[in-house]
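In what follows, structures are represented as structure tokens.
The following pair of complexes shares a single chain, chain A, combined with chain B in the former and chain C in the latter.
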Partner chain A sequence: MIKALILGYGFLGKSLIKRLIIEPVPGLLIVGIANSKGYIYSSEGIKLKDLKDKLEENKEFETGRASDLISKDYVDLLIELTPTNIITGEPGLSHVKKAITQGIDVVTANKGPVVLALNELKKMADENGVIFRYEGTVGGGIPIFSLIDKCLRGDKVISIRGILNGTTNYILTRMHFEGLTFELALREAMMLGIAERNPTLDVEGIDTAIKIVILANSIIGLNKKLSDVKIRGITKITPEAISAAKENGMTIKLIGSIEDGELSVEPRLIRLNHPLCVHGTLNAINIRTSILKNLTLIGEGAGESTIASIINDIYDVITHKSASI
Partner chain B sequence: MIKALILGYGFLGKSLIKRLIIEPVPGLLIVGIANSKGYIYSSEGIKLKDLKDKLEENKEFETGRASDLISKDYVDLLIELTPTNIITGEPGLSHVKKAITQGIDVVTANKGPVVLALNELKKMADENGVIFRYEGTVGGGIPIFSLIDKCLRGDKVISIRGILNGTTNYILTRMHFEGLTFELALREAMMLGIAERNPTLDVEGIDTAIKIVILANSIIGLNKKLSDVKIRGITKITPEAISAAKENGMTIKLIGSIEDGELSVEPRLIRLNHPLCVHGTLNAINIRTSILKNLTLIGEGAGESTIASIINDIYDVITHKSASI
Partner chain C sequence: MRVRLTLGLVDRPGTLLNVLEQIAIHGGNIISIIHNRDRITAGYVPVSINVEFPSIEQLEKAKIGIESIGVPVMEAETLEKKIETLLLIGSIDIDSTTEAIQMEGGKVVGLSLTGSPSSACLKLIVETPLEKRQRLIKSLETLAESQGSLLIREEES
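On to the complex of A and B.
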């Protein structure tokens, strides 16, 4: 059995546990669950079904430093789901580095460590013979990294374009179909819980830029930082601009792109019947390759669908370990 | 080296060889190329670059039965690309069966054997310890089977809907945007080489039904035949029906679907801003799963993009063989 620690007990951590209660992953034993307040640990495996009450309330957590559990004495796999910090990457970055150096495999959906240090972490993982997977960081449940890794072998990705942020896409969709102003659509998104209380990272295009950096470094093999991305958000888009686009069979979408090694995020005119032109909170990723040419993937870019990515990554770890034993 | 025989030397066979000249697949040696007229064979590997002249003209082919080359004495891998026959599956079905019983891995883009006998062929492949891959049979280069196999582990596909035939989608697109009649749009498609001279299989929905059967048996684990599909084609769709749909923000598309174990192909109303609503010769496949919920893939459903599927399948064979040696 692969003994796993779930570090981070927010929306994704709780959703993952709920899913594992419905359907366990064969070969996976959750021995630890931790957040910033403390942890639960059992070397025999935590009885997830009994966790029900504790799920919402952090009841019966031992106080103590959860990161002490990141040790080969306790776990084989770290599932890192702490909140994203894009400036320092912490606490995720330290968690991931500690795990890798201890020979512990890592699955994460935390964008912080991956946007700041993907190439370094991959190199460390190779040197330490561990698996490092981060499918959940981009496009929620859309399995973009696995797809390119496992389903397009022999092909080569040349460029990538995408709608990678559900919040801004919701706002632009409401502006397009209802003629709302940006301010009104944003307020509505906040009321519905689609936009966060501080929506700056989303509406200024920074969240999209983070994902573009991860895609560029992971798929195109570049070595880019957030500061390499030309970023323009959606705050200045007027209903008039969208209405003019609409009259011409187009709309305005926030498009992240990697073309000729250049990374950008900006509002762009797009034909309404273009495959990339999806609405609501949907995400869409278009890749252009040598052989296949164009492939577009569309799905929910956040929320519970991300659990599909995390679980597939966990399967990768388990398959790899059982093959190497 | 994996010694491969390419059987079938039409559009796909020639395109594959052109691609292998540009970029060889490491570990793959093409020892035979054959069609109904004859074959070329070299145990040292055929010099693909020297084939240039012969590519178009079948020059210097030995006369003889190409299927005699399907023997472990000559080859490890059969790349079966002969023309599709959906009634008998031949000659593909015999080629594939002979290969599997001889312990030869098989990669095919031939829908005939797969629609008629997928479950039987899979069972034979398991019993004989060989790999049997058929990614190119549905959706051209869209890697639907690999994706579900390798990128959505732990998840479960519940239903599938798709636009799976580029010819009919082109016709419906022209009817929608230009107000053409079915007859006129079909004639245009034939002139452009998008529709075949005998377009019955496409416009009557049979080609889509074939793909729906393959998807149902491969992905949902059913055991369906073509006669189990409720099929209605696009020949009776009028410009007036499309125009009425258009006025309501919709159009009519030929949708293949698998829902609650029922297979159908029929023209359906679809919102113009639905992710599945793609135009021109594009294909789109939407899957609904337990965890991820909705994922849509869009790409060219035919032509050279299919080579991406064939090459990825070849990589699967090579990886598997080198792991098991």
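On to the complex of A and C.
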């Protein structure tokens, strides 16, 4: 059995546990669950069905630093789902580094550590012989890294572009179909819980830029930082601009792209029949490769769909470990 | 890249053959040749040759080669052009925008303006020789930034 610790008991942590109750992953035993206040731990495995919504309300709850559980004595796998911090990467970055140096495999959906230190973390993982997976950081449930890793061996990705933020895509979709102003569409997205209370990272294009950096470094093998991305958000888009686009059979979408080593995020005019032109909260990623040429993937880019990526990463760890025994 | 070379040829046997040799040496693939014998000017026969070159560098080398054998290259016009829609949102100076497009070798083939003066939307349909497009977009982006407006270009298909 692979003993796993889930660090982060927010939306993703809770959704993952709900999913594991419905469909357990064979060979996986959750021995620890932690939030910022403390943790619960059982070497025999936690009874997920009995878990209370507030971690602190469980009688096994211990206050203290959850990172103390990141030890080979307790766990084989760290599932790191703490909130993203794009400035320092913390606390996720320290968690991931500690796990890797202890020989613990890591699965994460936390963009902070991956955008700030992907190449360093991959190198550390190689040196320590551990598996490090981060599929959930980009495109939610779209299996972009696994697809390239496993299905396009021998091919070379030349460029990547896509709609990588569901919130901005929802806003632009509502502006296109309903003629709403940016402000009204944003307010609607916030009321529906699609946009966060502070939507700056989304509407200013920063969230898309983070994902573009991760794609560039992971898939094209670059060594880019967030400051290398030319970023323009969608706050200046007006209903008049959307109407002008519509007259020509187009709309406006926030597109992130990696072309000739240049990274950019900006609103672009896009034909309504373009493969990347998806609506609502959908994401779409288009890759151009040497052999396959063009491939477009479409899927839900956030929320519970991310759990599909996390679970697949967990399966990956278990498969690797069983193969190496 | 496909170009139309307009050359001034002396009406003497063998001159055209020497020109074609220079084009071939530099990887050019000849599509068509038009010999304007009825438009002889100062002893020169204007000849238009449509050629496909592998790159702009090869074209430049071919031009030097042709001139080195005493044949003037009167014009080298790109035949591949991109027609695209561009939007400018915000505070816009139409004159300086269209001027910038012309300066970079583009041509405005359509224009419409909507919105209020402080929040205008200018839609432009622009025709640009393919090799000049990137520079034109960069120049318009710089202009948009200085005007405090936002340039939105078309996503490639």
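The definition used in the following text is that the second predicted complex is superposed on the first by the 316 of 325 C-alpha atoms of A that agree within 3 Å, B and C clash if a C-alpha of one lies under 4 Å from a C-alpha of the other, contacts with A are read in each partner's own complex, and residues count from 1 in each chain.
In this section, a residue touches a chain if its C-beta (ideal position, glycine included) is under 8 Å from a C-beta of that chain, and two chains touch if they have at least 3 such contacts.
Quick caveat: nothing in here was measured; it's all calculated off a predicted structure.
*Asks:* Give one of first, second, both or neither to describe whether A:I270 is in contact with chain B, with chain C, with both, or with none.
*Replies:* second
*Asks:* Tell me the contact category for A:T101 with respect to chain B and chain C: first, second, both or neither.
*Replies:* Neither chain B nor chain C is touched by A:T101.
*Asks:* Which partner does A:N128 reach: the first (chain B), the second (chain C), both, or neither?
*Replies:* Neither partner.
*Asks:* State whether chain B or chain C is in contact with more residues of chain A in the superposed arrangement.
*Replies:* The larger set of chain A residues in touch belongs to B.
*Asks:* With the two complexes superposed on chain A, say which partner A:A241 touches: chain B (first), chain C (second), both, or neither.
*Replies:* Second partner only.
*Asks:* So in the superposed three-chain picture, is A:R232 touching just chain B, just chain C, both, or none of them (first/second/both/neither)?
*Replies:* So A:R232 only meets chain C here.
*Asks:* With the two structures laid over each other on chain A, which partner does A:E300 touch: chain B (first), chain C (second), both, or neither?
*Replies:* Only chain B; A:E300 stays clear of chain C.
*Asks:* Answer with first, second, both or neither: which of chain B and chain C does A:M250 touch in the superposed model?
*Replies:* The second partner, chain C, only.
*Asks:* Overlap of the chain B and chain C footprints on chain A, residue-wise?
*Replies:* Common to the two interfaces on chain A: nothing.
*Asks:* Along chain B, where are the residues that touch chain A in the complex?
*Replies:* The contact residues of chain B facing chain A are 19, 23, 25, 141-143, 146-147, 150-155, 272-273, 275, 277-279, 282, 284, 289-300, 304-305, 307-308, 311-312, 314-316, 323.
*Asks:* Over in the complex, which chain C residues touch chain A? Could you list them?
*Replies:* Touch list, chain C to chain A: 85-87, 89-90, 112, 114-115, 119-121, 123, 150, 152-155, 157.
*Asks:* Can you list the residues on chain A that touch chain C in the complex?
*Replies:* Touch residues, chain A against chain C: 161, 232, 236-238, 240-241, 243-245, 247-248, 250, 252-253, 255, 266-271, 274, 276.
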